[in-house]
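Chain IDs A, B, C, D, E, F, G and H follow the sequence of writing; residue 1 opens each chain.
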Amino acid sequence: MSYDRITSDNAALLMVDHQTGLANGVQTMSPPEFVNNVKALATLGKLYNLPAIVTTSAADGPNGPVMPVVTSLLTDATLIHRPGEVNAFDNPDFAAAVKKLDRKKLLIAGISTEVCVAFAVLSALKQGYEVYAVVDASGTWDTRVEQAAIARMVQAGAIPITWCAVGAELMGDWRSPVGQAHGALMAEHLPFAGNLFASFAAAKVA
Amino acid sequence: MSYDRITSDNAALLMVDHQTGLANGVQTMSPPEFVNNVKALATLGKLYNLPAIVTTSAADGPNGPVMPVVTSLLTDATLIHRPGEVNAFDNPDFAAAVKKLDRKKLLIAGISTEVCVAFAVLSALKQGYEVYAVVDASGTWDTRVEQAAIARMVQAGAIPITWCAVGAELMGDWRSPVGQAHGALMAEHLPFAGNLFASFAAAKVA
Amino acid sequence: MSYDRITSDNAALLMVDHQTGLANGVQTMSPPEFVNNVKALATLGKLYNLPAIVTTSAADGPNGPVMPVVTSLLTDATLIHRPGEVNAFDNPDFAAAVKKLDRKKLLIAGISTEVCVAFAVLSALKQGYEVYAVVDASGTWDTRVEQAAIARMVQAGAIPITWCAVGAELMGDWRSPVGQAHGALMAEHLPFAGNLFASFAAAKVA
Amino acid sequence: MSYDRITSDNAALLMVDHQTGLANGVQTMSPPEFVNNVKALATLGKLYNLPAIVTTSAADGPNGPVMPVVTSLLTDATLIHRPGEVNAFDNPDFAAAVKKLDRKKLLIAGISTEVCVAFAVLSALKQGYEVYAVVDASGTWDTRVEQAAIARMVQAGAIPITWCAVGAELMGDWRSPVGQAHGALMAEHLPFAGNLFASFAAAKVA
Amino acid sequence: MSYDRITSDNAALLMVDHQTGLANGVQTMSPPEFVNNVKALATLGKLYNLPAIVTTSAADGPNGPVMPVVTSLLTDATLIHRPGEVNAFDNPDFAAAVKKLDRKKLLIAGISTEVCVAFAVLSALKQGYEVYAVVDASGTWDTRVEQAAIARMVQAGAIPITWCAVGAELMGDWRSPVGQAHGALMAEHLPFAGNLFASFAAAKVA
Amino acid sequence: MSYDRITSDNAALLMVDHQTGLANGVQTMSPPEFVNNVKALATLGKLYNLPAIVTTSAADGPNGPVMPVVTSLLTDATLIHRPGEVNAFDNPDFAAAVKKLDRKKLLIAGISTEVCVAFAVLSALKQGYEVYAVVDASGTWDTRVEQAAIARMVQAGAIPITWCAVGAELMGDWRSPVGQAHGALMAEHLPFAGNLFASFAAAKVA
Amino acid sequence: MSYDRITSDNAALLMVDHQTGLANGVQTMSPPEFVNNVKALATLGKLYNLPAIVTTSAADGPNGPVMPVVTSLLTDATLIHRPGEVNAFDNPDFAAAVKKLDRKKLLIAGISTEVCVAFAVLSALKQGYEVYAVVDASGTWDTRVEQAAIARMVQAGAIPITWCAVGAELMGDWRSPVGQAHGALMAEHLPFAGNLFASFAAAKVA
Amino acid sequence: MSYDRITSDNAALLMVDHQTGLANGVQTMSPPEFVNNVKALATLGKLYNLPAIVTTSAADGPNGPVMPVVTSLLTDATLIHRPGEVNAFDNPDFAAAVKKLDRKKLLIAGISTEVCVAFAVLSALKQGYEVYAVVDASGTWDTRVEQAAIARMVQAGAIPITWCAVGAELMGDWRSPVGQAHGALMAEHLPFAGNLFASFAAAKVA
């Protein structure tokens, strides 16, 4: 058993088909929760300088453009528009871009969990990557579908994870230089933490 | 049967005990949903120039300060710190402030639904106000508690409502001067709407 | 207490904002269930020759066109595009069209339950109509929102109903001339009934 | 509309059939939640010196003795063992004891919500009492049963309430002499409050 | 406010369309729970000698024969096969049979809650009966449908009730001659009670 | 991968602590569902002549006697009362009785899933048995506890199963000599099947 | 780890016991959702020319004939009526038919998940096939039963999947010749997609 | 397959970040349930003399002090305040303290399940410990997050367990010297057991 951690140096972030049309098909979370989670993961990617690839499926059609919360945060990401390939690794530009990143760990999230996420996860595992499926920044049409997809990915060896754990593994120590920025991220996207911070600050001067 | 609508001229907004400590006791919604709803209601108050009163219960103690999403938006609200009264109307300053607003409709939200919200709702009804309990910008510890509180308020004559209906009744027509700002508010707090807007804009130029 | 039934002669059907963009914001049912229910209600309208009005909100914008299942079935409905009015009764053409129908009972369904449905229901009640809110052919973003909307409509005197009860009240007797067509509708939209019919037919010849 | 509050002077507490055998049939809450709520209500009764009657149904049979959390707290309560009457008001001793209390408001909780609670509530309403059904300190076998019972009691004019609202209405103001004891009760039975208090105390000295 | 109890002398039991085909469309309870509840209500009818009418809708077609648990228990019930009428009161034989019973209270259960139960309930209310909708011995296709039906019936004045409360109101006192038989019924259909009885008997001799 | 089926010759049934006191602590199913499932499994044991061991934990104390549905069906079972051992295999009589059965497959069900069931399952696996955890004839206090217990047992190699699958694997073919009795068992404990049979029989003669 | 995809050339579809009587016992999804999913999978089979076998259990008895949505779509499927065998592979004709297909991957769906689906899955795995359990086009009586069945199949090596993922893996690229037909299928069975398409088409011409 | 039990001699208890601020972010259980479970596990640690380490994360900041139910029970525990390390094993004092305990089994619980619990579990597994994740004495912000965390820990080899199973494995036999104290613990934290004991005691003397 090995526990090799996610770091700014060994991991990359793949955001698959977080598009505005597809996002409106997600029924596994409420829309405010889904946007919150996607934004939190993208913010982590930016904060920890994770190289990122944002890919879309037929973005000039009904699936729509990338969700603004992704594009506005991951401004340095490589953007790969797939004209038709469902599995992102079937697109040569995407496959090349991933290879070029030269990271052994891939953090994958997207829409929908059982198709574009699961297929990319399975292909990445086949190529030997250590793959993390960020399940709360991913969504799909139905809870049964999501659970089957997670079971399939875990069976294949992917590590199920959620954005808050990704962030905590990246930071490692609250005294790190990004600790304060990390705290602000938590306060924004895990509102109970924001409430705690505000209550604490007020109590100290009370 | 009468259906008299909420307008910028006949309604006021009472935000009761949306405090950071109390907010962490809310279990009827996820924290991202609760913050989203409270923020949406406060933004509506600001957009439609509703006179507002923000009141707190022992804000220098464990209940904590007002949630930042409320104070940052309702900058013109009258702020009434109650030293101990549970029912806001028992506080003479609060009662006087409400009276001074001279509005026949009161929109009330807060924490917790069955205590500080329900008590203020019942006192306001007793005084002859038309009272709207904004139930999705209110929260409490348990779903059964919330349902009993809503049943009690409805039994007493309060109108159960949610922020999106408050906003739609205030706007009335998308062609109104605030229509565009209202749309932006919807896009932010009802993310499916934001996705629709982005998809539509992209499709038009596709 | 009076129980006056829905008939082909006393009722009209108002379909409010069943638009493709808005439909993707409905999270109170799964999309297959919602489409199924909307289609069932529209089919009942057609089968029982209920005069119908289909209205939309800004249908040339993000809200999108009327759901195809509505337009393909209610081909004789009056279609009223509202340029901006949230409450359909605020649109003079809609108000006139309803008046012209001269029916004392209005069956109202749409998106979203707490806004376009509830507002039309409240205005119709105010004008003296007997109003039925068809809650399973209506949808909205969140279950709490739906429940508050139903509580508000019931409090105001609207009758909560679902498409299957609407249909059964219209038919009245399985031996009526439309009984067979009604059975086919049930078999299609209440699939357990379709299974019963198929099993029965097979058993008789077994 | 009238809103007349629960006070130490106008209210009495009726605990109906909180027996150890019956308690194990409650499936509307988890056992830790149910015991917590019953204990909280009993503690309120003691703290505010509410005259109390504890009654049992066939306590020397399978229904079992009174739950220890009730007897250990309400040591001054009148204890009425009913040999067979389901509706407590059918027992002459109980009816006389209630009458002797001479309180216009009755707070009623027990097992099961739809039988021993609902029947006592209905009889008390019939006799002209203002009746509060404390629904979270009451329990039954199934959620549908509980909801039907609450609907029946509300329809008859009973006020649905929960222990925390009972307590807040009794206290009225945190500066009252029992404010501190009330806070301790909250900390114990609404653990988020206990956590808030501990966090606040620690923050002040941090 | 009046609270007039159900007794063997003032009440009758109407079992509407508990047919084997329809029963397989019930999705508001699990089948074992539904059969259990229907059987419990029928057993109560028999135990308390409630005059009963069992009616069916097109029982020689796909809806199927009466559920065996009903026919085997209510052997003295009047059986009315309706050839086509959805609302049982539209069938002259049924209407006459109800009239002939000469009871002021009607306990109504059946399939489906929003159609055959609700319609009979509404017609009975209109005729001046006191009507109890036994909601847990009734079933339908979907929880939203059930809740709308219950809201509609309560709005019209029907009393929502469940079989255990019906039984307790009928018995009144455990020392009644049928107390022991009533206990056996409880042990069978409310299995926690059966477990209590067995545990108690064993403990006494331990 | 091997798929070796459960047969009357290779399997034994171990019923662990299905006692009346413990049964009233089960909150993972409703009591009617739990009794139904336990009875169904016991009936299968009897129908297929599976050697059975029924064991209890401190049955002369609060845990109570074996549930009557077990004892009345498994009349030939070996009954082992454990004076204190939690893990049944720690009791020498039980361990010897299992050994004496000389079956390679053990079907284990009981109360509670995470303690008496899981411990026996783990010990049996350690001894080399093929172990089936019959999870729907087992129960415990909380769903999270049940899910952790099932995950633990599956991780250790136990096969998760439910009574209906046990029965189907035992029968194998509806034309077997016990096919008709098996059908009767299904009709009783899977009531939708009973409804199907009744509907079919009626349809044939319609 | 290997990820070998489902293609028109390597896979076959086995539809097990999707019969009208059995379908009415499915309680893991609503009937409209179940029919929708079964129809979607059958449509995929037809669109991608997957060789298919449809098998039934005692179809001339209460289980009823094949669901019409299956027979009307899979017109070229081999139809195997099993007179009594529960496990389809126990029927020599079925076993031979599967062998004759000569496909290494088997997609299996049916009723019920834990019996006829799980048994066929386990037998197919034993014979060396790569087996996909299409869990959303399969159904059973209870969620706990379904989850135990999925856990058992995954433990044995079956891949859990849902129809939408099956389809996406078969299509591979939206630019394939069947891309348009695939889109139509999605629009029909994943209604949010149909809404997206209609909104997009309207937006382009707006 | 090995089944090596938890004993007083081979196991240690690690309580990770059960702090009052963090506890108010737990939404996977109600607060009364969470406190109850944490207290039960701590009481087991004390009763069975398990060496214990209590660790905190930035306890002088918003996360707050250790929950009083932990400190008041585990008075002999080693207390390690981590100034910033998220993974407790990254803190040299904690790592040394665990090593010094010299136990091969570690029972780990805390807040939050996917961060501080999961990270400690994974590090402990990597170091060769047998690790038990006590999931019901652990909590986090969201059920999906919890399930992903449990799946990740199980995938890595940790044993999922709950406090009641920990206790039962430690006691082993009710006749052990601590059996009576263990029973008292059960009565307190598994209230159905307390009810059973009280009912039994009363029945014996009835």
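Note that contacts are C-beta pairs under 8 Å (C-beta built on N, C-alpha and C of every residue); 3 or more make two chains touch, one makes a residue touch a chain.
Keep in mind that what you see is a predicted model, and the values were worked out from it rather than measured.
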Next on the checklist: With a step meaning a move to a chain it touches, how many steps does the shortest path from chain C to chain G take?
Outcome noted: 1
Next on the checklist: Same residues or different residues where chain D meets chain H? The copies count as same if more than half of the interface numbers are shared.
Outcome noted: same
Next on the checklist: Quick check on the interfaces: A-H is repeated by which of C-G, D-H or C-E, going by over half of contact pairs matching?
Outcome noted: C-E
Item to check | Length of the line joining the C-alpha centres of chain D and chain F, rounded to whole Å | outcome: 40
Checklist entry - Between chain A and chain B, what is the gap in Å from one C-alpha centre to the other? => result 33
Item to check | Length of the line joining the C-alpha centres of chain B and chain E, rounded to whole Å | outcome: 43
Checklist outcome for this item: chain G residues touching 2+ other chains are 21, 24-25, 30-31, 61-62, 64, 141-142, 190, 192, 196, 199-200, 203, 206
Checklist entry - Which two-chain combinations qualify as touching? => result A-B, A-C, A-D, A-G, A-H, B-C, B-D, B-G, B-H, C-E, C-F, C-G, D-E, D-F, D-H, E-F, E-G, E-H, F-G, F-H
Checklist entry - Which residues of chain G touch chain C in their complex? => result 20-21, 23-24, 30-36, 59-62, 64-65, 67-68, 189-192, 194-196, 198-199, 202-203, 206
Checklist outcome for this item: The chain G residues in contact with chain E across the complex are 24-25, 27, 30-31, 141-142
Item to check | Sites on chain B touched by chain D in the complex | outcome: 21, 24-25, 57-58, 61-64, 83-87, 90, 112, 114-115, 118-119, 122-123, 125-126, 141-142, 144-145, 148-149, 151-152, 155-157
Checklist outcome for this item: In their shared complex, chain E is touched by residues of chain C numbered 1-3, 29, 135-136, 150, 154, 159-162, 164-165, 168-169, 171-176, 179, 190, 192-193, 196-197, 199-200
Item to check | chain F partner contacts - residues on chain C that touch it in the complex | outcome: 196, 199-200, 203-204, 206
